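Okay, so chain A shows up in both of these, paired with chain B first and chain C after.
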Partner chain A sequence: MALFNIIVFPGILFLVIAGLWFEFVDRRMYARMQHRQGPPWFQPLADFIKLLAKETIIPEDANRFLFTAMPVMALTATISAFFYIPLWSPRALFSFPGDAVVVMYLLTIPTLTFFLAGWYSTSLYSMIGAVRSLTQLFAYEIPLFMAVLAPAMLANTWSLAGIAAYYTAHPLMALLNVPAFCVAMVTLLGKLEKVPFDIPEAETEIVAGAFTEYSGRHLALFRLAVDIEVVVAGSLIVAMFLPFGLALPWYLGIIVYLLKITLVVALIAILRTIMARLRIEQMVNFCWKILAPVALAQLLLNLVVKGFLKP
Partner chain B sequence: MGLIQKIVTWARIKSPWVIHFNTGACNACDIEVIAALTPRFDLERFGVQLKGSPRHADVMVVSGPVTRQSRDRLKRVYDQLAEPKFVVAVGTCACSGGVFQGCYNVEGGIDMAIPVNAYIPGCAARPEAIIDGVVKLLSSLDPKPAALPAPVAEPVEKVDVPA
Partner chain C sequence: MSKITIPIGPQHPALKEPASFKITLNGEEIYSMDMRLGYNHRGIEKACEERSFIQGLYLIERICGICSHSHSTAYIQALEELAGLQVPKRGLYIRTLIAELERIHSHLLWLGVAAHEVGFDTLLMYTWRDRELVMDHLAEIGGNRVNYAVNTMGGVRRDLTPDEIAHILKDVDTLEERTKYYAQVATEETTLVARLSKIGYLSQTDAEFLGAVGPTARACGVDRDVRRDDPYAAYGDVQFKVCVDHHGDVYGRVLVRVGELMESYSIIRQLMKNMPDGPIAVKSPRRIAAGEVYSRYEAPRGEDCHYVKSNGTDKPERVKIRAPTLANWRAVRKMIEGNYLADAPIIIAAIDPCFSCTDRAIELVRPAGAETLTWGALRQHGIDWHRKQGLDFAELNKKLNTQLGRVK
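Let's turn to the complex of A and B:
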């Protein structure tokens, strides 16, 4: 059963299919909003297979071990974060008090692997991309943590399953967290390095950022890790801020869950269509001067509400 | 051909990522290449994506005659591409050197420096011609060539021009 959980569901196979599917959904929506037809449904799969079959080049000066280990690390961290997130019932596969914090840290690891991968490729472009992704990490990580922990504080538990159970019992309380949801959505764009926060891989300035030297199957694994990160981070946001329909029977629950993830992907695609890339210092300013105070205000609000509720 | 090989060939045909390199063109062909990548022609239908890094690309789209200055750079970028790689020469200058043939600073067409898989003549080559050339190059990968798309334009009737 454990092997089934790791390999098929909700492990590698499910996440690979979901990641590739939602990459297609994102690219298709982007194309339709630009009045074009867009790629066929198998496009992410074809890209993945093609990259697997391509020659893999490792630069001579690069650190061979880190260069090859980083894509695997990124993939592993995102997949293992998924086991703790409740999907369509208030229960997660594994759960312990405090797993919300662990999931947040596991989702930070891909960004760190981007940094190490770019740094040890010893190419100028990838180094600039690596440093930018770390700078960006310092900007979005604090508001994201505060925003995600606000609903946890209201539910008085640090476990994702406990949060889901609390909001299933008190569904109206989830409405309090709308500002935190907005902050989390915006900072999620920074975490996933999507427009307008795709500064680390700005292809018009620094070729492809940290991935400049990556080719073949290493690049395929990195792209897959990013795709899966969209699904996992989306599931986390959904479990935290949209905990509706968790009490439904499982077949309806799956549909509601997939619709909620599609909503998150659609928001990302819409923002990608209507926004241009910011500069790095605009992004840092925005995160610290606007998002962080909003998240802090949300925390205060939740504290006050909690004080009134619990005599 | 084994099943895996078939799948790989299918994926290669469906997902050509291109990188664009200018070896000294007058920028007319470059504008046409960029035009071919705009939403009007929607090359993402065929899986074409423009990539910045040569490490990610499969097809190198080269425009312009090879000048002595750019020859070494062209070779270096070509070597940075991962196998299997294809080169498409866009425009008359890239095919043969064009009007710059014989200039003191021009080597000639792209094939003087690196092997070329497809030639797209034209001054400047139209976006439709570029798309047609790339599609023909990709369908040449398939051992059983699928039926080529029907020509869009009607064949022009010959008109007797009075002398």
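Let's turn to the complex of A and C:
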């Protein structure tokens, strides 16, 4: 049963399908908001298959091992993070005290693989993209951690399943975390490298950033990893900040869960429709001067509330 | 981080045409820039000397895909002055109308490109959708979206029906409404303003010293517009304001272009209201008396200059074209220094560059050990090279011919 869970549902196969589906949802919404037709539903899958069939070129000077290993690393890290997140019930597939930290850590790994992939491609565009990825990581990671810390602190546990159980018991407490939710949504754009924070892959400046030298199946795996990261990071946000409907029967629970992920994807699509790409130093400024203080204020609020609630 | 040089071009997603910019970076900051142009040299000036005046017109129209009418009008004005032709009023009005329609679609296109360069694709999609309205009218009048071929010696080739006039007026209203909205977006959207203001600064002194033209110069406070300073076509009959801004940065260039869009709508309304009746062209001679003329025209990108010299035959002795982009290149180099790499594409795009209009001649950059080949030697070299790779086209041809039963 555990093997079925890992490989088929809600594991790898489900994640791949969901990743491709939500890429379609994102692209379609983005297109419709721009008065465009947008792609048909199978476009992400078609892109994936086409890329798999294409020739793979590895630059002569690149480190072959790292160049080929990085897409797999990114994919593995995102998929493993998924198993610790409670989806439509307060229980996750695997759980232990402190798994929230592990999930956050696993979600940092894709960014590191982007950096290593770009750096070892030994192309100028990739290197600049790689350095930008890392710079951006230092800007959004702290506010994101603080934002995720807030609901955990209120629930008094570092286990995602424990947090879900706490908010199922006290649903109104989730409303306290709205500022942290906003911070998490914005930093998520940075993590997923979407407009306005798609600085590491700004196509008009550095072609495709860290992915410039990638082609064929390696690029396909990287793109799949990014698609899956959207679902996994979205699930994390949903589990932390929108813990509603977890007590429902499983078939209703799945629908509610998918609707919640759609909401997160829609928010991402709207935000990237209405904004221009920032410069890297504007992004760092914004994260440290606005997002970090908001996240800190949220922590303070939660501490005070916790003090009052203590019997 | 030590200084690194990053190439933008000759092939790069930010560039719509090939050109090479070598940018030396100090971290993310631009230390200096080296430009290599000339990848699109087509030898149009020389080709004009081999063709008759009127054949040259069609060639000149193909200099640029955006401001095709600008180049053809600048050229035809020179010819008409040489030949002493008096173009009928209605012809001039139609010519001016096309010029303003062209300015509208060019500026809308630029607004979209500028938005794309800073990663704001939504504005790109919106402006390019609206640009289609203008393109449709140009196609309706001239039969073509890009090369309208409206000009001819002594006037224009196409007349306007009252129906067409009504259509254009209706769409101008729609466009005005939309442009107001874009002006609001460009001046109020926080991330867009953050990306456009205070970058690519050029002072008024520098703009004058480096010879910048068009919206690039006007955004630095240089109050210069050929349409007002040296009226041609029907510009003497219409009232309009020259948009000048004192920001001196890319944001200022956006304001100037949006302002010019609004002025264009007003010019079109005035032209339509006062459109005189009568013929649209006069008959023109094939041969033009000897002489030389220098013609100026305010293209969407700036002042476009054509010089035509005739020796009394039906072919020009010399045609010299100075496209507006050529005048702005030196300003780009000044503007880009000290900015971030992220701003390089938008600063280059801010002058609305048109590489193929500009590229005149190429200089051979000769590395050590290079040799110059004649055409015949180059051909032989190609044949030998392929033979060495095991590909003999002569053999292959023979084989093919025998297979097809076409033995000579």
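Just so we're on the same page, the second predicted complex is superposed on the first by the 310 of 311 C-alpha atoms of A that agree within 3 Å, B and C clash if a C-alpha of one lies under 4 Å from a C-alpha of the other, contacts with A are read in each partner's own complex, and residues count from 1 in each chain.
The criterion applied here is as follows: contacts are C-beta pairs under 8 Å (C-beta built on N, C-alpha and C of every residue); 3 or more make two chains touch, one makes a residue touch a chain.
This structure is a prediction, so every number in the text was calculated from the model and none was measured.
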Once the structures are superposed on A, label A:38 by its partner contacts, choosing first (chain B), second (chain C), both or neither. first
Looking at A:274, would you say it contacts chain B, chain C, both, or neither? Reply first, second, both or neither. second
Does chain C touch more residues of chain A than chain B does, or is it the other way round? B
Counting only touches as set out at the top, which of chain B and chain C does A:200 meet: first, second, both, neither? neither
Which of chain B and chain C A:216 touches, first, second, both or neither: first
Output check: A:50 vs chain B and chain C. Expected answer is one of first, second, both, neither. What do you get? first
Give one of first, second, both or neither to describe whether A:27 is in contact with chain B, with chain C, with both, or with none. first
For A:110 in the superposed arrangement: first (chain B), second (chain C), both or neither? neither
Residues on chain A lying within both footprints (that of chain B and that of chain C): 34-36, 125, 203-204, 207
Per the touch rule, the chain A residues reaching chain C in their complex are 33-36, 124-125, 128, 195-196, 198-199, 202-207, 273-282
What residues on chain C touch chain A, complex-wise? 4, 6-7, 12-14, 28, 115-122, 125-126, 129, 189, 191-192, 194-195, 340-345
List the residues on chain B that touch chain A in their complex, please. 7-8, 10-12, 14-15, 39-40, 42, 44-45, 47, 51-53, 55-56, 58, 80, 82-84
Chain B partner contacts - residues on chain A that touch it in the complex: 27, 31, 34-40, 42-43, 45-50, 53-57, 125, 203-204, 207-208, 211-216, 219
